[in-house]
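These notes open a run of structures that come right after.
Each of the next two complexes has chain A plus one more chain, namely chain B in the first and chain C in the second.
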Partner chain A sequence: MLADLKPAQPTADARRVLKVGRFMVIGISVLFAVLLGRIVQLQLAPDPRLETRVDSQHSSATLSARRGALVDRHGRMLAVSRMAYRLFLDPKMIGDRNTFSERVGYELGYDPVDVEMIMSQKPGNRYISIDQRLSEDKLARFRELKLPGVYVDPYVVRDYPYGQLAGQLIGFVGREGKGLDGLERELDPVLSGAPGRIVYARDAGGRALWIEADNYQPQHDGRPLRLSIDAMIQSIAERELAGAVEQYQAKAGQMIVMNPWTGEILAMANYPAFDPNDFSRAKPEDWRNRAVTDVFEPGSIFKPFIWSMATQLQAANPSEMIDTTTSGVWRSSKGRSLRDARGHGRIDWDHVLIESSNIGMAIVGQRLGAEKLHNIVRGFGFGQMTGSGLPGEISGVVHPLPKWTHYSVTSIPMGQELSVTPLQITRAFCAIAADGMLVHPTIYATDHRPEGQRVLTANIAAHTREVLGRAVSEGTGRKAQSDLYSLFGKTGTAQLPNFVSGGYYQDRYVSSFICGGPLEAPQLVVGCFIHEPDPSVGHYGGTVAAPAASRVIEQSLVYLGAPTSAAPEQLVQAAIHLDD
Partner chain B sequence: MLRPAHILMTAATALLALAVVMVWSARMTVGGEGLAFVQRQVIYAVLAFVAMLVGSRLNVREVFRARGFSSPLIIMLLVSFSLAVLTLVPGMGRSVNGASRWLEIGPVSFQPSELVKWSIVIAMAWWCARRGGVMHRFADGLLPALLLLALAVGVVGAEDLGTSALIAAVGALVLIAGGARLRHLMIFVPPAVAALVAMIIMAPYRVQRVLAFLNPWDDPQGVGYHPIQSMLAVTQGGLFGRGLGNGVQKFGYLPEDSTDFIFAIICEEMGLVGALMVIGAYLVILWIGLGIVRQCQDAFGRLLGLGVLLTVGLQAALNIAVVTAMVPTKGIALPLISSGGTGWIVTAFALGLVASLDNAYALHIDGREASTRTMTPATTAPMCGEAELI
Partner chain C sequence: MFPKLAVILVLSAVIAATLLHLRQQRLLLMNQMADFQQQMDDNREQTWDLQVRIHQRLTPDQLREAIARRQLDLAPMVPLDPNAALLAEAPYDVSRP
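What follows is the complex of A and B.
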């Protein structure tokens, strides 16, 4: 087209301009069409390497889920997560070096010398933490201050507002927010929730622009859990337990308070106590919830279970007189020699339990025979997990029937040759309190009575309670008597078995007491177990454990508003006593 | 009555309006600089619109009729050339991306090469119109114009190869349209190519740009960065784009996002539809403008209109080719869109001159109809461009 152009003529120049114009405008239009094609090509079939560039324009972040709180049955916070702020310095951002530490010290209340020291210890470090948990007022001061070089870093911490209360039961959480012990560990899947994720576009400097709409996955916060624990009863139990252990200079102790009808554990105290807020400073053995992780040979405290079942199976008649010897020494048909604390002579079957006669129990044990005894022991849940779901729980030891010796029929009725956890035996006692229904202990608050398993008839259970009430009012548990409530209970003073040389230590005991109340309509069962009290101060269960258990059940029943059987003038006395 | 001038100015105004929005979007940053910049852009756009209206009301033939040093053309050439030379003086020019192309006078910064570009279009048209009879001759027809063109190309090309190539192409096309012989121009192709090669060798960054175009993935963080980021922006758009303001590339990934590479941001945020709108507007300007040129009866007006249209069309095509990585990266703005207030004003004014040709023609038609009505024979056939300033 251009080649056709002739030298311009004055008359033809308009045509020439139009020719060039048409040619170029068509050419540019074609060029635009090609460029549009190129745009379509880039959009439909881009270089795969471009895709990797797109990825680098996005970042993802994890949205941490809030850990569920652990609350007691009335919603009191036992373990709760919150944001804490760590105060740190970035020396590179500090403006005036000379006055910096004084400024920080003066404004935020730290010792300038300490600040200088921490900074000099880590030269070149751009993250120097000077306060792990900034207090509220310091945080407010910090926000006003706006001093370059000082920053806060938010993170989630787990608080245990009641400190050591139920410390071993609740356990603790590690720095990364993972449950490491106790319920915190056991319930971690429920409490921790599921973290969320966002993908966001970022600019070339890495700053976040916006969240991509289809890439937001919200976190699922952990569920709060309502425990069966009552913080008030727990604190009563811990106080009384500590008092008893310290008074008798014992090594350790456990106290359990249960609702016998629902199996709810209202308190589960351990001594020595431990504060989950500061778990790293406690000895690891003190982290253990020994109410479920440790066993002991129960001794006399075991007798009510055999006694009640023997009565139900009519191996012994409540009015039957049994000769427990006047000397207090008796020889079994297989030639085993047994002792009572003192000779009780001919006593009725009820008094065998009231006086806690080993000989009486052994005589009836022989009548029952090994198989029935074994069924009784298993029937009350010994040698099996209680189903509480508490972490670290063990089943205790009940030997299988074939391993039983001729000693067993006399040993088992007085609580030897087997070992139980404090929770197991407290739970078994609940069956006596709850008209013979054995329920599974639980750490969760429940609003309904679970279907229990009947182990005793209601009549036999009521009769056993009555006899155990007499054990408190006139027998071995006299020191557990309460002015406000009629209680029923059983003492236990078991020698520690010597696993090295066999037999038993002569001066090492587990002093225990389990009681329930009020006798007329049981609401609570309390088990108290004191390990190795100093025998020079006292070692009988009735002396060491009974008063503490009694005080716990009494105060707890008052707290729960249980009707008292006491006369008005006694109530005045009791109120004065409680005021002390 | 809707006339070609109205359509042309409407298309130009649409591009200006889009420019304000897109420059605002492209300047978005984390933190942001508030509305101050946008206010400036709006003021520039309004000034550009006013400049276009003024241009459309000028009698181009009258304005450039004067000869000698009183001619505005001579003043324009002198001023624009000296300013372009001034950018080469160390300390005077503002350097952007290794090329010193900008001058700052008070609050206004602009590229003198822009002024040279439009001065040359006018100068070439003027020369061809005056020397229409002898343009087929080399010595007294083509050569003086060619020397001026070569001077302009040389002055601008020292710092801005893209614009100087554009000036050369448009200048040559106006000369051909004005009657120059093609073979006369061909003589200058070998030395032009030689000069091009020499300039590339002298300024290493141009070589880098060429290399980056050939294979950007060899050095995606270095010379390949521009084309890759630009292509990336285009690919992200799809049919309707991410939506106005929703682009990611402008956040520090794509340099020159509000100026030379704004078309990539348009593709990213408005997709293929946005690209079609922009290209469509240019095509309207080109074809409507061509219609105006065809009906214009004045040689100077025709050539001036053609030069303006070709400048806008070629520059737009070149810019989009750069953005889509089809040609090496060069500093060429997208006319009426790329941020840079003085560029908008000058370009809008130039398109206003094209519109003035149609206004003059309309006056001429009206005048003829009026004279027909009064039964007065037309003594002189007023030529396009003879209308007085209205």
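What follows is the complex of A and C.
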């Protein structure tokens, strides 16, 4: 019975199945082992031909980095980067060459003869550029058509959406994306970005399969910068400056608008202007920001600085009567003959500034003496860089004290024997507007009041403003009077020095006007400088520069929402006037 | 022996299939990532373009023209009369000449 319980012997078929099964298992295991070995070999020591083939399925692309934008104080983009598209042809990919140029010409709006000519000029070339920068319409048309052999090549360009607005200040970049002039050049290290790199694995059709993780370098965009410029005020300044220069057929002009409390430059206009979008068409000398790169002898607009400090140092008292002669001619203690435009006779110290008397200023200049005058000039920041950081800024010319002559004590008080930049003198005027605090001008927007340097007491600054207010209402600056705001300002009509034969030209002038407002609580300072107006049309600062500066400050204050003290009937007229 | 090998074989096949599936999923995800990267680049470039177009249409001259077209008068702000009870009772109406 027990023998019956023995396991049954497998049949021949079962043994064969078992045998085949074992072979298969062993075979498959060996196959797996071989595959594993091949994988290890491919990973560790692949065939070079295979490597080449795999590499050809990869392609790298550059990730465009965006250059930082330059924006105005309200975020309006003055300089910004965007993509542009270059149209090019690959003759090898063109189907029917006979009809190609006609088709491209007809569909995309190019002259077929030009297309044919460009192609024939570069035989064998597979990258023939037809259009350096496709217009939006042509790009849309190109995308619709999908013409074989015609491609676009994207690249980053710099755009200046506001055209010539603040052109000299902003500057421009070259084709390689490097800043070449203006703030674009000065701030290049901050604005420039670093492009990234990406490697794609591609299929046989060139479609991107995936990104190779080890070969991905993200791009780093440049940092955008917020400038203190207000595009609206800049536009007002440029328009009024152009109007004044053209009306008086002058050679050039500058206009600066500043916040006297913070030193922020709200507008810096130059005429002639140029469009940074098309800088190569402008003359290189027109690229220059002459508000900081060029100097001029200021003339009478310099008087308020000496006048206010002379008052503070008690070299003259406001009520003191000064004999400026009835003939308008006076001879200094050293024998120098000076003239006023007309004889004012005996006038008080306030009227010396209101009437802009050269003689009155010279008399008090003698009292002050050379050393004090030199300290006053340096104290207001003349002969030094303003610290604005604007590219190309120069320090102006103030001779060292040992080089001063006995003429200097009479010349300096009326703005001769020294040269200043428009920015320097506008900044110095800001000290009078800001209760005697001299701040550094800045081109960057700021939300706080910087610490300034006190050059005048608040009382003297307020008194100077009051007297300058009278210079506008009853003195040389009458044409700057505003219906809406009380302004304070000073005119200047400086003859140009003749560096060849010495002395001054009799018919070449710089007509200028600096003003601030409103008188009760100054918010803005405007400097207007018109170079070489046609004397047959007009050349006095009060005629040429004052009306333009007044319109700029008036419109800017309205734009900024500064409350007016004008009567209602004047407001109605003013509203009409502003629309004009 | 045979059953053990068979089990190992089956398990290996299952593991291989799973790994292949996971690899395929990884490739799909990487492919999607590549697509997203390209979309991101395209969107970035489109944003740049739109920013420029917006600012080209908002220049001070164009704003001035728009104000003139709608016959709006730019008039200065007037300080309110401290005795006025309501803003609507401000002393002067300077909105229209």
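Here is the rule we go by: the second predicted complex is superposed on the first by the 484 of 580 C-alpha atoms of A that agree within 3 Å, B and C clash if a C-alpha of one lies under 4 Å from a C-alpha of the other, contacts with A are read in each partner's own complex, and residues count from 1 in each chain.
Criterion: a residue touches a chain if its C-beta (ideal position, glycine included) is under 8 Å from a C-beta of that chain, and two chains touch if they have at least 3 such contacts.
Please read all numbers here as calculations on a predicted model, not as lab measurements.
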Touched partner set for A:Y162, first chain B, second chain C, both or neither: second
Chain B versus chain C as contact partner of A:L18, first or second or both or neither: both
Partner chain in contact with A:S319 - chain B first, chain C second, else both or neither: neither
Contacts of A:S235 with chain B and chain C, given as first, second, both or neither: second
Touching partner for A:N98 - first (chain B), second (chain C), both, neither: neither
Which of chain B and chain C A:G205 touches, first, second, both or neither: first
First, second, both or neither for A:S536, with chain B first and chain C second: neither
Partner chain in contact with A:R76 - chain B first, chain C second, else both or neither: second
First (chain B), second (chain C), both or neither touched by A:P563: second
Of chain B and chain C, the chain that contacts the larger number of chain A residues: C
Chain A residues contacted in one complex by chain B, in the other by chain C: 18, 21-22, 25, 28-29, 32, 208-209
Residue ranges of chain A touching chain B (in the complex, touch as defined): 2-3, 5, 7-8, 10, 13-14, 16-22, 24-25, 28-29, 31-32, 35-36, 38-40, 42-43, 46-47, 49-50, 53-54, 57, 201-205, 207-209
Touching residues on chain C, where the partner in the complex is chain A: 1-2, 5-6, 8-9, 12, 27, 30-31, 33-35, 37-38, 41, 44-45, 48-49, 51-52, 55-56, 58-61, 63-64, 68, 73-79, 91-92, 94, 97
Residue ranges of chain B in contact with chain A within the complex: 29-30, 132-133, 135-136, 173, 176-182, 217, 220, 228-229, 231-232, 234-239, 248, 251-253, 267, 271-272, 275-276, 279, 282-283, 286-287, 290, 293-294, 297, 299, 302-303, 306, 309-310, 313-314, 316-317, 320-321, 324, 326
Touch list for chain A against partner chain C, complex: 18, 21-22, 25-26, 28-29, 32, 63-64, 66, 76-77, 80-83, 154, 159, 161-163, 165, 198, 200, 208-211, 231-232, 234-236, 484-485, 555, 557-559, 561-566, 568, 571-572, 574-576, 578-579
